[in-house]
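Take a look at the structures below.
In the two complexes that follow, chain A is the common piece, with chain B as its partner first and chain C second.
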Partner chain A sequence: MYYLGVDLGSLSCDAVLLDHDGGVLASSVVLTGARNREAIAKATDAVLRLAGITEDQIRATVSTGYGRDRVEKRLAAVTEITCHARGIKSLFGGAQILIDIGGQDSKAVRLDPNGQVIDFAMNDKCAAGTGRFLEAMARALQVDIEELADLDLGASGNVTLSSMCTVFAESEVVSLIADGVEVREIVSGLNRAIASRIVALVRRVAPMSNGLSIAMSGGVAHNSGVVRALSQAFETAISVPPKPDTVGALGAALIAREKYARQS
Partner chain B sequence: MMLQYFQRLASVTEARISKYPHQPNARKKFALEIAKLGIRLYSGEHRVAWCGVVAPFDVLSAMNVTSCFVEFVGAMLASTGTVGMFLEESEHAGFAADTCGYHRAVLGAAMKGMMPVPDIMIATTCPCSGGLAAMENLARTFKKELFVLDVPSSDTSESVRYLADQYKNMMRFVSDRIGGSIDEDRLRESIVKSNRARELMIEVYRLAQHVPSPANGQSLANFGIVMALFLGTDAGIEIAQAYKDEYEEMIRNGKSGVPDEKIRLLWLQNRIQFKHPLIRLLEEEYQAAIVIDELNDITWDAIDPDDPFTSIARRTITTPLNGKISQRLDHIQRLSKLYKVDGAVNPCHWGCRQGTGARGLIQAGLKEVGVPVVNLEVDCVDTRNFAEGQLRTRLEAFMEMLRSNPTAHGA
Partner chain C sequence: MPQGKIHRVGHACSYTPTALIHAAGFTPYRVLPVGDSPDRAGQLLHDNLCPHAKRILDRAMDEDLPDLDGMVFMNCCDAMRRLSDAWRTVRPKQGVVLVDLPVSPTDTSVSFFAGELTRLAQTLQEWSGQSFTSADISSSIDAMNEMAELLKEISKRARKGTLVGGSSRLQGLFNRGATEPLGQTMELLRSAVGAAERRPTAQNGVPVYLFGNVLPEPEAFAHFESCGVHIAGDSVCTGLRAFNRIGGGNSEDVFWRLARGLLDGPRCPRTFHPSQPGKIAEEVLAEAQACQAKGVIGYTMKFCDPYMSRLPGIRDALREAGLPLLLLDGDCTLRSIGQQRTRIEAFAEMLR
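Entry: the complex of A and B
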């Protein structure tokens, strides 16, 4: 018996397949693009192929992400807040704060010792500091988004961005380049600006975050520069799983397994 | 356009009430009276006063003036789905797009000639300075003198006297503009009716506290704030009586507003006034009922018919919308306990500095009484800024949190 979690996000569609015991058999990440159902099919086909099983062997599917209602044959649709919390708890049992930065929103989630969500906060009406924001900045810097991760290394940290509005920040980055400011200083400034927003978000769920164990999920966690900036801002190490973008799908698959067990 | 809208609303609602007289129809009666009020405002056949939110509507009713707070128009335009063009009109005239949608809509409607020119304009300094500014703008547009009721923030005998004296001046102001003298008997009659509606409203609120509640997600939406417009009239008594009868019968028959009620919610500040799927989502997917709105269950001592202005001044000054946020917080905490709520939804009406500015204090205050809060970012009138997916995710995550962990602390 197998269990599937599908996370249809704004930038990527992720799938995780679990075996009967809850072990991860396969995971996949595909670009969402304009056709949601195609992305869902691609992500699902990929994990089935990797695991060498067929769709009819899946006992239960739980969907999550902004397009969770578009996943057919689902046992349930569960929000990404609950799914990321469930997923991160299975990876880092002691996590007390989860930071999830996805394609168009960012979240801070406070977890109890059992991994239940006891508080959460999301970005206000603006996608600054999310994956879309970083895409725009990479475009302004004329680099691939993956390259952003280490471009801040060696920066002195003396550049501060005055705006986090994606449009204004892009203009500011272009101006800084024109002024001859080193790319690493600009990237460092961007990372610190994102970290500053996330710190404010975390304060809303945990006014005193000192000493709390922090983990991170979502595609932006691949960017080691952002993770470094967050670690510095919180003065603690941030736990990041090897595949941070599949944590939501993992949580969804785990919930699928639990729900199926309860129903049977 | 608005007159036709209200006429159609009245005829459709009347037809529904006639067709199903034995079905629960308190909300329909409420809607019918709102439609009739709209007709009176827009027909050109009645004396009209555009007012601030806490104007003494029972007094104005006694003076035979059809009076209404201007935010009502913003809400109505939103509910008709036509508000966008009025918001754009005011924005083209220079009003910032991130100010209160109610006021932008009203200003746009006035600019487009969609607001009847009033006979009288009475602003109130409570509950917000934005409302006062909107009234000043409207007064210029309509070329009318504006009477401002300056509502003091503290509940002292001096403050009460100060406001009570202003009501007397207000009556003279009105009387000078519509002619005729003040009819003391008519005022007394209005106060008696206002007190009767008040008694019934208190009963309605008491019944809504029942577990499970006869209230669902929509039945008491905008109730308290709009009922103020019907104080002093037979309509006010009839609406409140209809709710009381309906809720009593539901409780007697073991019926709840939301079948199999599982989650009880407090809705803070304003409702989202345009059509949206979130309330139905709460009811159908999570069996969540909005058992109380912050703007409902604002009660006051009975008005003394022999000294009405002193009593009305106290009613206004002690409204939780007036003065310090701690007063509002006390009210919200009281409601949370009385109605046994599991969580609170704060739409944080985007352009409202009072609403968004108090967000942190309210969240902390509700945390003290064990009530988690989900903050939405929405302008309750501006349909153009409604991010349904984002709001659904926040609300659904909140429901999941409440279901899985009843002692959750906030969102």
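Entry: the complex of A and C
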């Protein structure tokens, strides 16, 4: 018996397939694009192929992400807040704060010792500090988004960006380039700007975050520069799983397994 | 005043003395921030002003209103005062009155407010061309009280989950009570109270207490329920708070009675007792606990200064009591409620 979690996000569609015991058999990440049903099919087909099973062997599917209602044949649709919390609990059981920075929004989630959500805060009204924001900045700097991760290394950290609005920040980056500011200084400034925004978000759920264990999920966690800036801002190490973008789908698959067990 | 036609006087705040408007022979018509009038109020009002005030002005600019013989504004906040100024610009030929509303229910404030209501009565007489007596006002208070009692009973059923049509139907009835002639509304409400109750199927949702300012769209309540919450109690100014029973039937001065009744009614954040400025937090907590809510949703308008000043106290009181709080800010459009879907669903999941 197998369990599937599908996370249909704004930038990527992720799938995780679990076996009967809850072990991860396969995971996939595909671009969502304009046709989200196609993205769901691609992500699902990929995990089925990797695991060597057929769709009819899946006992339960739980969907999450902004497009969770678009997933057919689902046992339930669960919000990404609950799914990321469930996923991170299985990876870092002691996490007390979860930071999820996705393609188009960011979230701070406070967890109790059992991994249950006790408070959360979301920024979903603008793309500041999200994957879309980083894409725009990479474009302005004429680098691939993956290259951004270590471009801040060796920076003195004396460049500060005054705006986090994606449009204004892009203009500011262009101006800094025109002024001859080094790329590593600009990237360092971008990372610190994202971190300061996330600190404010976390303060809403944990006014005193000192000493709390922090984990991170979502695609932006692949960017080690952002993670470094967050670590400095919180003055603590941030736990990041090897595949941070599939944490929501993992949580969804775990919930699918639990729900199926309860129903049977 | 010509007979055979409904004569309406508009208003925009739950502190408006609707019984006085009724006694003057008018139908009180609350200009609710609803509809799809184009967003044009920004021509006259600042971008960062309360969307409630702007939406009302949008309706006036779009002529999306029935004929009004006049407009009564309560001086309840800066946004409403600015709205009254802008209204005079948009409708220069219409009678407009701004009634000062004290912030506290002390005896001095009640006396002052009674004076304001006396002044309003004179204005209403000028608009209608006919006089009315204290006995007329008492009679209108009684009629409005009856409507308030009926709505309270229907509201209880909705909160228990036994009202056919649920919370969205209840909001529809509140809206009709706020805009239609009293006789028609009373007939409808009596019929609703006399109808059989349904089994409480809506109880599948997690019980929450809702507080805030304006939420007049019936669809908004259906949306809340579709996200997995059941509104077990509420205090919003487009709901029961706008239909407050006026007590003091033995009072000799009917204006004083009305002033006392309005200022002693369910509190909105712009009204407080000087000795207990943070009492609204205790009231929200007490009401949430009374309806056995597992969490509290605060739905307030963006840029609402009175609420912004009270929310920290409310948040602290709920946190100390262990009641989770979800704060949502709205802009008087259903679109903004749709965007909140993930938050409301996640809140319901958290409370389960």
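Here is the rule we go by: the second predicted complex is superposed on the first by the 263 of 264 C-alpha atoms of A that agree within 3 Å, B and C clash if a C-alpha of one lies under 4 Å from a C-alpha of the other, contacts with A are read in each partner's own complex, and residues count from 1 in each chain.
Note that in this section a contact is a pair of C-beta atoms (placed from the backbone, for glycine too) under 8 Å apart; a residue touches a chain by one contact, two chains touch by 3 or more.
Everything quoted here is computed from the prediction, not taken from an experiment.
Chain B and chain C, once both complexes are superposed via chain A, clash. Of the two partner chains placed by the overlay, only chain B lies in contact with A:205; chain C stays clear of it. Touch criterion not met for A:57: it reaches neither chain B nor chain C. Of the two partner chains placed around the shared chain by superposition, chain B and chain C are both touched by A:66. When the two complexes are overlaid on their common chain A, residue A:118 makes contact with chain B and with chain C alike. Number of chain A residues touched is higher for B, counting chain B against chain C. In the superposition on chain A, A:175 makes contact with neither chain B nor chain C.
After overlaying the two complexes on the shared chain, residue contacts for A:163 are found with neither chain B nor chain C. In the superposition on chain A, the residues of chain A touched by chain B in one structure and by chain C in the other are 66, 78-82, 116-120, 122, 124-125. Within the complex formed with chain C, the residues of chain A that make contact are 66, 78-82, 116-120, 122, 124-125. Touching chain A in their complex are the following residues of chain B: 350, 372, 375, 377, 385, 387, 389-390, 393-394, 396-397, 400-401, 404-405, 407-411. If you check the complex, the residues on chain A that touch chain B are 66, 78-82, 105, 110, 112, 116-122, 124-125, 205. Those residues of chain C that touch chain A in the shared complex are 324, 339, 342-343, 345-346, 349-350.
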